[in-house]
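Order of writing sets the chain letters: A, B, C, D and E. Residues in each chain are counted from 1.
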């Protein structure tokens, strides 16, 4: 029916952004909100349309291309403005548009009365355009367009309160950290182009394009060795791309920007820094699974970084007082989970976690936003408590979110997290100690997750009403009691809560019911994900072909592990409940509270040396002193030489005569002797 | 003996006769009417110079004709240089008419001396014999000694004249001694004449390789280089020029730095390039040897001259003195052309150089006001926009001296450098090029002072008379013409011949 | 011929001594007189070279006219003797010896390599047409050297004009 | 008959004496005298070469040089007179306003 | 018409000068005359890309003998190909904008200012269209004069130092180039049996066909004679120190032209002369030049980061950006060289715009110190927005022009088959992308964002219509060039391919290289 549904999905928000950006200043808030939500709604509708129109094909692993125009074409290099729909991008646009729509709705309420309302929605729409471009691009360069575009919007939105220095700093930090990652990404793309001769994902005979993934599939995989990373082959490509992912998805070592990014308005945090943008790294790695499966060393790195980040961020999350910071570290931690999944080859599990995470983390952020609005822009949990009775809907929806993220059985997070833990434990691609180790880390993280989420809920909604202790400043939004949020904010909470509770059932492990094909998500996404080579057999559930004989024992193992993680989750919840109900203001270790001093270390070891070095060494010493010194020195030398030679001109005729004689003597001598 | 045997050819010396005659007429009018009107004297001079130019032009295209028993020769070398001299004198007369009135100096003698000097210069380019070169040189020198001291009550003018005189006659002695040596070297037993100062005969004898004493030839050549080098102001024989240029009245400085320099180059070229230079093949070893020796010497001198001129010019505070050093540097560039043994390049260089330099000095003269009061570069601060036309013109001339394209200065340098490069003097060209870059600094300094510095309240824009304006317009047009459409001049020069080798006594 | 050699030696020595005396004397008048001596000695040397005409002109023009002019000017200016003798760059006088030495060395290097040459015999037709006689000079002057001779007149005229314009008093 | 070399040697010696004199004497007139000495040295060289070669050209040259010397003397002395009028001194070392 | 088009475009600005001289005393009249002339030039120059044949080589040629004496063989030969066409357009586009931008900022000697600008325009266009070495050199040098006056008369505090430094720096390079030109002229003449010419296409063709085969040693010498002039102009590290001074002191219009067009002459020269004429030497020295370029990229960015003065910051950022362009040129790949050409245009547009933007704030506050500003977004929203667009363009955000150029350069360098250490160079140069975002965003933050700390900024007026008229077209162009670069790239494709072919085939002709045959400089 529609020839270019993806184009509509992508460009509808851009239209909104353009309209709002150019004319929004003179519009009413209602009109602005309507335009913003409408354009995203259009996107959502067409995303669903595109998905369900081609559902059968997608399940069968077909790719649907939409070619708009050739963007750059020089020599053998070509990058098109073209989109591709496969099951991976299909599922992505579904939840991105859906979640985004509800966040937009939430934001119309949340942002009411703010300066630059139009600006906010223009940025938000622009973000949607970028994010969707990122997802449906059919080549790495166009993906990079979206990749950088979301970075830009993130920059703009974090710095939305541009008179606040911390917001500006956070925005800048986010952009630059992302740029560091992009450096790797770009190098990866260039290396890919060099090796594969193409930056397109797939073949498209209609345009005479050969995909890089087909090249990757045809390669003999690298061995699992440290050296392979630097060999300039496929492992190097994979690692470089992953560097990009660490930036965008806030992994060690580039994660520090994400907590600061909470300086932006809460809907931004929900949309960009929880549900969509930060998962771009996971998307990209999954997208490039054909490359990763040939690069075991890169896989191992991804897994280690993922698991490490998950644990690391979770420990920090326990010790934060800012409600959004807790969620931010939680996000980092969950992203680590997703990468862990990718690293062990369970790309679908990773994507599944992205999917469920989008719902429950968006929910949690919006809930926190609701709390913040209700508390008159208070984010410090020191000054909360007992909000349950003031904000009942917010409380209940957030409780759902908390259970989901903690992996409470049958909530969405349970299924996705469980899939990851199981696949980690059972992965066949990593050598011996790693699966167990990573699994243990994952499990520990799950425990911590349950604890810090419980802490958040307890400190916010239970216990004493600590906000009374601190009188608000008179000018701070008028003060007064906390209150429940308006419908425009509450409705999205409810919708997302329903989602957070239920979407997990799309991916129930097949093992749960003998012989049943419960895991629809798995079956949907798998065709878009590359399978490993023979010597690199994955023993996870991706492979339906793994053999029936093995299946039963694996199924037993999977159920056992699910039980273990359920127990851990419940234990964590309980631990948190009891501990923090008793000591809500328990002082966490300073090391954790100060985030392991990572920011300070970066400042001392990178930022200050660069700044000081540039000022003192490069500018003052080399540029002004050395180079300009040489230039001016040469000029001075010339005039000094001139100044010296002018003394030949003593003014005395006799000395001139002597000089002439001297010249004559030399000349004659030369002529006579020659 | 019949006149034609003596080689009397009045037409051959017509230009010199006219200029000399005009000088005498001016003196006579001055003497008879007690005081000659400056316009009359100037007008007569211009008329005479124009007439001389016409007579030169009518001689163009004729084959080389030695006359007066080989004393002079009428080849295109001579005629081209004669035109340069006439242009110089013409312009100098134009810019002097205003000046001589302002300074209230004796008018008749001034123009007469100028015309005498011109006569001498014309003889220098025409000369085909060392005697004539010497005579022409002396006529020019002695008249310019006087002109330098023309502002008798001014100490600077006195000093200028004295230094020029002492050093000038001293170097002339060297030149003469060199000529004597060459004369001595040229002896060939049994030949008629036995020894010679005639350049063609000299060339033949050197080419034949049978000389009385090659050593004397070499020593003589060296001493002649001293003499000529002095006149063209090349290091280390340049020492007189900054002092003399600074002290002499500005129009005279203009004349010294252009006319007498060009005349000296003419003689220099005549002796060295046309006489002592080897054709590529079929020359005696002696000729090759003397050629390579003087080329080497001049190469070193050119480098010294350019570098010294440019470097010392940087630190000068007086604009006349700065231009004196600049003209030393320019002598260096012209020497590059001599090193390439290409008189055409040198001639074109000089033509361009004289036009530009006279233009520059003309403006300096009006800015200097009576008695050369304002000649410090600091006096030029901010006058650019108060006297926009003059300052712009001066900028044009200075940039042209620096060698900005589309002006004569660039074409001149290009031709010379090209010639030198073509002859294989690559290092020399590179050094010359670096020197050009250095020279930008001090030319720009004046422009900086005029346009970029703060204005001076006490400065009054000078008024110009018609003759001066004419000179300015002519120099500007010539500067641009030679820079943009040098084709005609270059073509003429390209086809010009120096038939010294074919001319016979 | 020996007699001519002796004459040469005598007058050469005389010329050198008087020339050096020009330098030694502090009073310009004595220097000028000493130079006249040199010129006269040279005139004698010219005689040994059979250049009678030049020898005569040397006495008449040089010693007679030019040097008289010098002496006249010296007397005219009458520089007071007690004028303080400023001397800047005293080092210059120490250059005299090495410079002189070098110059002499160089010229003598050249001369030393000259081929031997004796004076040509007088032409058989008679001494009055030999090189150096008034006849020979006159003939050459109006044939080969006609132009230089004529140009000399311009030179002289110019010198007169120049000298006049410089030397006359202000109020002229 | 003395050989040509002797004559030329004498000429060279006189020339040297003149040249040295120019830069060691300070009185302008004496300096001028030294220049005249140099010219005479040249004349001697020319005459001797002319005589030994039997070529009249050299002597004609001398004739011209003498004329020039006379003209030079006239102008030179005029310059000296005019400078003396202004300075009351003939010492060339005092005439060094123009320098550097 | 086609034959005269280029001459008209080149000389039309010059025709404005007599008009200005006779135009009475009204400053407004002068301004309009200059503006109309330059806009007319721009409009006429639009015919060039419209009528340009992407498959053809040199077009719109006019060729007439000029000076033939002395075997000079100088011709008036102009023409454009895929390399120069956009640079001509860039020039004609920027000059009117520069004029508008300085509509009210020149308070003295306005007429002379306008004359200088118009003369400058002719000179710049001339450099790009000249197809005769002699003609090229003439324009190259003559253009210095108006620029010198622009800096010296209408510049800031240290204008004299800056002006002289600018000229002398340039002069040293260009005079050596003159020596190189003469040498090349002789070599070509000798090799072709006395057919002396300065004609660039002819000489280039002779090099290509092997008629003019220069020995590697001589190539290196000539290469450097030319390259030095161009690298100083670019300016490549370490020849860059004239740039910050010149930029800072020049008036806004001067800075715009300086950054927008003048710097491109260097890179243009490299592509026009150094690569096609001395391919072997270009390859031989590519590692050195690329090293300097990469150092420049990083160094320029780091030094830009810590500049307290806005103009200086932009100046050093130019060093960084142009380093990238040089890298692209010496990658000897289609992508690298196309990217380089494209980046020249981008830099002209973006950095030109940055200078305009700095100029606008300078007109209001008469200071360029970053610390004087802060929080301007509140009082100058339109300014802030357009500023942001330009900043983003400068840090190569995709879909804005900078990205296309930078990425092409990087990918071209990365994949270069002939440049040694290509991967290393590309990787290091990529760091520049990180750093550019650091200094640009930091600067933007300090000027535009944050609290308004300085009370003097409270009453700053936002952009007026005139200023918007300047910036909006630039921003649209930035967007257009980022989204649909094909319009631009396609026109230079053929030229770049031919150029790349020349270099690579010369490099791959090892017999010639090793045998050391070919003409030597005598």
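Points to keep in mind about this one:
One rule holds in what follows: a contact is a pair of C-beta atoms (placed from the backbone, for glycine too) under 8 Å apart; a residue touches a chain by one contact, two chains touch by 3 or more.
All figures in this text were calculated on a predicted structure; none of them were measured in a lab.
Under the contact definition, subunit C and subunit D share the contacting chains A, B. The central chain here, found by comparing per-chain C-alpha centres with the mean of all protein C-alpha atoms, is E. Computed centre separation for the pair subunit A/subunit D is 97 angstrom, with centres defined by C-alpha atoms. Measuring from the averaged C-alpha position of subunit A to that of subunit B gives a distance of 79 Å.
Chain centres here are Cα averages; for subunit B and subunit C they lie 30 Å apart. Per-chain CA centroids place subunit B at a distance of 25 Å from subunit D. Residue positions of subunit E with contacts to 2 or more other chains are 168. Shared interface positions of subunit C, defined as residues touching 2 or more other chains, are 88-89, 92, 95, 99, 103, 106-107, 109-110, 114, 117, 144-145, 148, 152, 155, 158-159, 162-166.
Those residues of subunit B in touch with two or more other chains are numbered 131, 135, 138, 142, 145-146, 149, 152-153, 161-163, 166, 170, 181, 187, 212, 215, 218-219, 242-243, 441. The full set of touching chain pairs reads A-B, A-C, A-D, A-E, B-C, B-D, B-E, C-D.
Note for the complex: subunit A touches subunit B at residues 635, 638-639, 641-643, 645-646, 648-649, 651, 653, 656-657, 659-660, 662-664, 667-668, 670-672, 674. The part of subunit D that touches subunit C in the complex is made up of residues 1-10, 12-21, 23-27, 29-30, 32-34, 36-37, 40, 43-44, 47-48, 50-57, 59-60, 62-64, 66-75, 77-82, 84, 89-91, 93-94, 96.
Those residues of subunit A that touch subunit C in the shared complex are 650, 652, 654-655, 658, 661-662, 664-665, 668-669, 672. Residues 8, 15, 18-19, 22, 28, 31-32, 35, 38-39, 41-42, 45-46, 49-50, 53-58, 60-61, 64-65, 68, 71-72, 75-76, 78-80, 82-83, 85-87, 92, 95-99 of subunit D touch subunit B in their complex. Of all residues in subunit A, only 69-77, 141, 144-145, 147-149, 152, 155, 159, 162-165, 168-169, 172, 175-176, 179-180, 182-183, 186-187, 189-191, 193-194, 232, 610-611, 613-615, 618-619, 622-623, 627-628, 631, 635 touch subunit E in the complex they form.
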